[in-house]
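What follows is subunit A paired twice: with subunit B in the first complex and subunit C in the second.
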Partner chain A sequence: MLPILEIKDLKKHYAAKTGLFGRMSNTVKALDGISLAIEKGKTFAIVGESGSGKTTLGKTMLRLIEPTSGSIIFNGQDIMALGTESMRKLKTDMQIVFQDPFGSLDPRWTVRRTLEEPLRTHYSYSAETITKKVDEILEVVGLTPQHALRYPYELSGGQRQRVGIARALILEPQFVVFDEPVSALDVSIQAQVLTLLQDLQSRLSLTYLFISHDLSVVRYISDHVGVMYLGKMMETGPSEQLFSNPLHPYTEALISAIPQPDPDKRRERIVLSGEVPSPRNAPSGCVFHTRCPKAMPQCSSIQPEWLQVSENRYIACHLYNN
Partner chain B sequence: MQRRLLLVGLVFILLWVVLALLAPWIAPYDPNGIRTEDKLQSPNMAHWFGTDNFGRDIFSRILYGARVTLWTGVLAIGIACVAGIPLGAIAGYFGGKVGNIIMRMMDTLLAFPSLILAMALAASIGPGLLGALLAVGIVAMPEFARLMYGQTVVIKEKEFIEASRALGVRHTAIIFQHILPNALAPLIVQITLGLGSAVLITSSLSFLGLGVRPPTAEWGAMISYGRDYIMSGEWWMTFFPGIAIATTIFGFILLGDGLRDALDPHGRSPRHK
Partner chain C sequence: MPRYVLKRIAMMIPSVAGIIIITFILTRVLPGDPALMITGEQALPEFVDKVREEYGFNEPLFIQLWDYMKQLFRGDLGFAWHTGHSVASDFASRFPATLELTLASMAIALIVAVPLGIVAASKQNSIVDHISRVLSIIGTSVPIFWLGLLLITLFYSKLGWLPAPIGRISGNINPPTHITGLYIADSLLSGDLVALKSSLHHLLLPAICLSMSTMAIVTKMIRASMLEVIRQDFMRTAKAKGLSERAVIYKHGLINSLIPTLTVIGLQFGALLGGAVIIETIFVWPGIGSYVTESILSADYAPIQAMTLISAVLYGLINLVVELLYGVLDPRVRYE
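== the complex of A and B ==
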């Protein structure tokens, strides 16, 4: 199947100046050579700890953050080559839902005005058409036209996030980035919103990039998973395979940390020692070697290559380098 | 307490606005009518605030002076807002070199004492009301630019701004429809306080002969005429215009302070809700 979106060797480096007068300069590699492909109608999930670069990845894919290098191919077109105006038009096809349902809505705008903004930006519909489309999308995300008159502070977290989803979907995009869409919500609301997302995906044949640090959520919603650590992709693979048979030591450790609901089903828990190193001072070689339980001598000096190990699985680890 | 001060300020300002609007109907005399036979009368039943050295009724001149003062204040602050707010917004939103150049220019203007700068500008533009207006506007502009800059830098980092960018909304629309409305509360406070200082600086310029041309009734100019008569005992020529200037500025300051507290949701204590 053809990917709707493919990124190749995507990099985002920030120059971090340190020292007096910023004489010493350090490069923070927020994204360091990420490659992945997302199939149409599927959900690709990105997991990783805070600071792993997953949010940067999501925003860079929409060019909300300009990448340092690499290519982003959407529907066969490299969007890195697009000018400002064509990029602006492309926003009707690529959208994002943000993590914070409180901060992502203008506090001085009613829900209706917020939902009208994308339509007014891109189309010159009549007032009635706009009203109709807003009412329709409200219904799609499980709200009513009455909610349109409210201000964000009058809504609950779950309702606000539904407004955020409605705003992203009203332009009928093909691809939507969800940046931790449920992590700010109560668990009961999380389930509702996740069900809504799955329902919308099948109804509107959407493709998702789903960013999360919550592995149980990812397991529930994703078709394909990518595991990130310190700006690098450690492993990607189909969700089922990755969860049942993790290859990378980091993936293994993450999966062993998922709480097990069945107390009789014991599983060995791999506890990683230490903290995530500072991205300003990323370890040499494999970035994970400082915490890896299976580290070998070459891990600290040689960067592992991005290798295909089976049909759909890629990994960056010296353990599989032969 | 704060609420009461806000009300006091509002009463002062409304009083002057009403008096200015109704001046032609309230004023007992022509403000510029010279009657040398009535000159230098102390306050009495016919001339409540007395008369000046040309026999002009000071009460009537103060009423008409309110029109000049309020108009110049509003227009000068209008100029300051129209120039300062977009400059601050552009500097804050786009940042970089352009932003740096704009803000350093504003800093340069702020470095001068405002009256000295206003005098220099008014003198170089040429005496007269228009010169004074522009001078006061330019002097007040950097405060607005700096305030808007600070607000923009904070607001543009909010996620709803990023959401609008993700929707493809144009920069101008983001600035005018999202950033400006969210920066409005502190701007309103600054406008009110700015009106107070604009009144002070325009009357100072008029006092120095750089503002309105005679015989226009203007409070600063009236004090200037009365200056020569203070020592000889004709206090009313300076006293009443002085009170007029003081109450106007006082009113704007109270109003501005009160609005700042009223518009700041964090500073509001429960009993004022």
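== the complex of A and C ==
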């Protein structure tokens, strides 16, 4: 199956000035050579710790952040080549739902006005059509037209996130990035919203990029998973395979840390020592070697290549180098 | 909301009472014997005493204060002996001049500050941003009496581009028909282009001088609150909706950053009234500011007290209007 979205060797480097008067300059590699492909109608999840570059990846895919280099191919078209105006129009096909449902809505605008704005920006519908479309999308996300009269501060967190989802979906996009859409919500509301997302995906045949640090959520919702660490992709693969048979030592450690609901079940946790190194000062060679329980001498000097190990699985680790 | 307005006005009463008492005491502490000022220094002592008695200056202070309060309650602001008119009629004839000057300064300040602040914030650390910061420092730190004299020297004495800085209109031109008392508005309404040109020429320098500090402060405020708003998530959401950069700034950024700025604009009206005292004296502007200066110099108590009182009430009302405007700009604000 052809991917709807493919990114190749995507990089986002920031020049960080340090020292007095910013004389010393340092490069922060927020994204360093990320490649992945997302199939139509599927959910690709990105997991990783804070600061691993997941959110940057999500925003860079829509060019809300301009990448330093690399290509983003959406429906066979390299969107890096698009001008500002065409990129703006492309927002009807590519949308994003943000993490914070509290801050991501304009506090001065009613829900209806917030939802109408994308339609007014991109189309010249009549007032009735706009009202109808807003009412429809509210129903799709499980809200009523009464909610449209309210301001964001009058809604609960779950309702606000539904508004955020409605706002992204009202343009009928093909591809939606969800940037930790449930991490700000209560667990009970999380389940509702996740079910809603799955339901919408099958009804509207949407393709998702789902960013999360919660592995249980990712396991539940994703078809394909990518594991990030310090701006680099460590491993990608179909969700089932990756969870049952993690290849990369980092993935193994992450999966062993998922809490087990059954207290009697024996489990072996791989506890990683130390902290995530600062991205300003990323380790040489494999960025994970400072914390890797299986580190080898070459790991600290040679960057592992991005290798295909089986049909759908890719990995960057010296353990699998031939 | 009407309830809220009434409550706020009621809350102004104690502060107004305090202002009445403090200005009353302060005017009495000022050096200068009013009786002697009225009679002239050459007058016979008996005549001075007679005037002192007639005006009640020999009564104990608290009796004088009590009499003054009673007089205010009757709605009488007193008599300005140095002009020979009642304070109320002096105020009515001079207030339009100050209003025109203040409004013009505020308009100049906002016309420059709002766009400058927005551009400075949306292009942080650009040339425009640096210029805006330098201008803000100059605007807040340059004394306006010095700036006023400098502008007069340059534009009147050296270049001769503007008429002599005396009054609101050149002496050889008739003022426009009195409609609002604002010369610019009146000459526009009556289509009097000669008067319009002359009054604009006279208004320009004092209004620019007076606008400087407000311009600087509002620029800083807009820049700061805009920078804060730009970093908000909903700005990113607006961008993700596919809005252009301009639309994001104007539809979501500007109004949200106007709310804190509005507070500052309200407070600046007070500063403008204070600044008018200096500017009107320098430019011989026949408004409330120069009236207060003349009254102080002639130790004329009634107009000093009355003008302070009126300014305080005006200031309170302007800030009430600002508070009500919050509700228009921000739906989260509720009045109770």
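In this text, the second predicted complex is superposed on the first by the 322 of 322 C-alpha atoms of A that agree within 3 Å, B and C clash if a C-alpha of one lies under 4 Å from a C-alpha of the other, contacts with A are read in each partner's own complex, and residues count from 1 in each chain.
The rule is simple: contacts are C-beta pairs under 8 Å (C-beta built on N, C-alpha and C of every residue); 3 or more make two chains touch, one makes a residue touch a chain.
What you are looking at is a predicted structure, and each value in this text was computed from that prediction instead of being measured.
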Room on subunit A for both subunit B and subunit C (clash or fit): clash
Which of subunit B and subunit C A:306 touches, first, second, both or neither: neither
Touching partner for A:151 - first (subunit B), second (subunit C), both, neither: second
Partner chain(s) touched by A:118 [first = subunit B, second = subunit C, both, neither]: both
Touched partner set for A:250, first subunit B, second subunit C, both or neither: neither
First (subunit B), second (subunit C), both or neither touched by A:44: neither
Contacts of A:288 with subunit B and subunit C, given as first, second, both or neither: neither
Colliding stretch - subunit C into subunit B, listed as 27-35, 63-71, 81-89 or 189-197: 81-89
On subunit A, positions contacted by subunit B and by subunit C: 62, 64, 88-92, 95-96, 98, 100, 103-108, 117-118, 121-122, 164, 167, 171
Of all residues in subunit A, those that touch subunit B in their complex: 59, 62, 64, 87-92, 95-96, 98, 100, 103-108, 117-118, 121-122, 164, 167, 171
Subunit A contact footprint on subunit B (complex, rising order): 158-160, 162-170, 173, 178, 181-182
Contacting residues of subunit A [partner subunit C, same complex]: 62, 64, 84, 88-92, 95-96, 98, 100, 103-108, 110, 117-118, 121-122, 151, 153, 164, 167-168, 171
Complex interface listing, subunit C residues touching subunit A: 232-234, 236-244, 247, 251-252, 255-256, 329-332
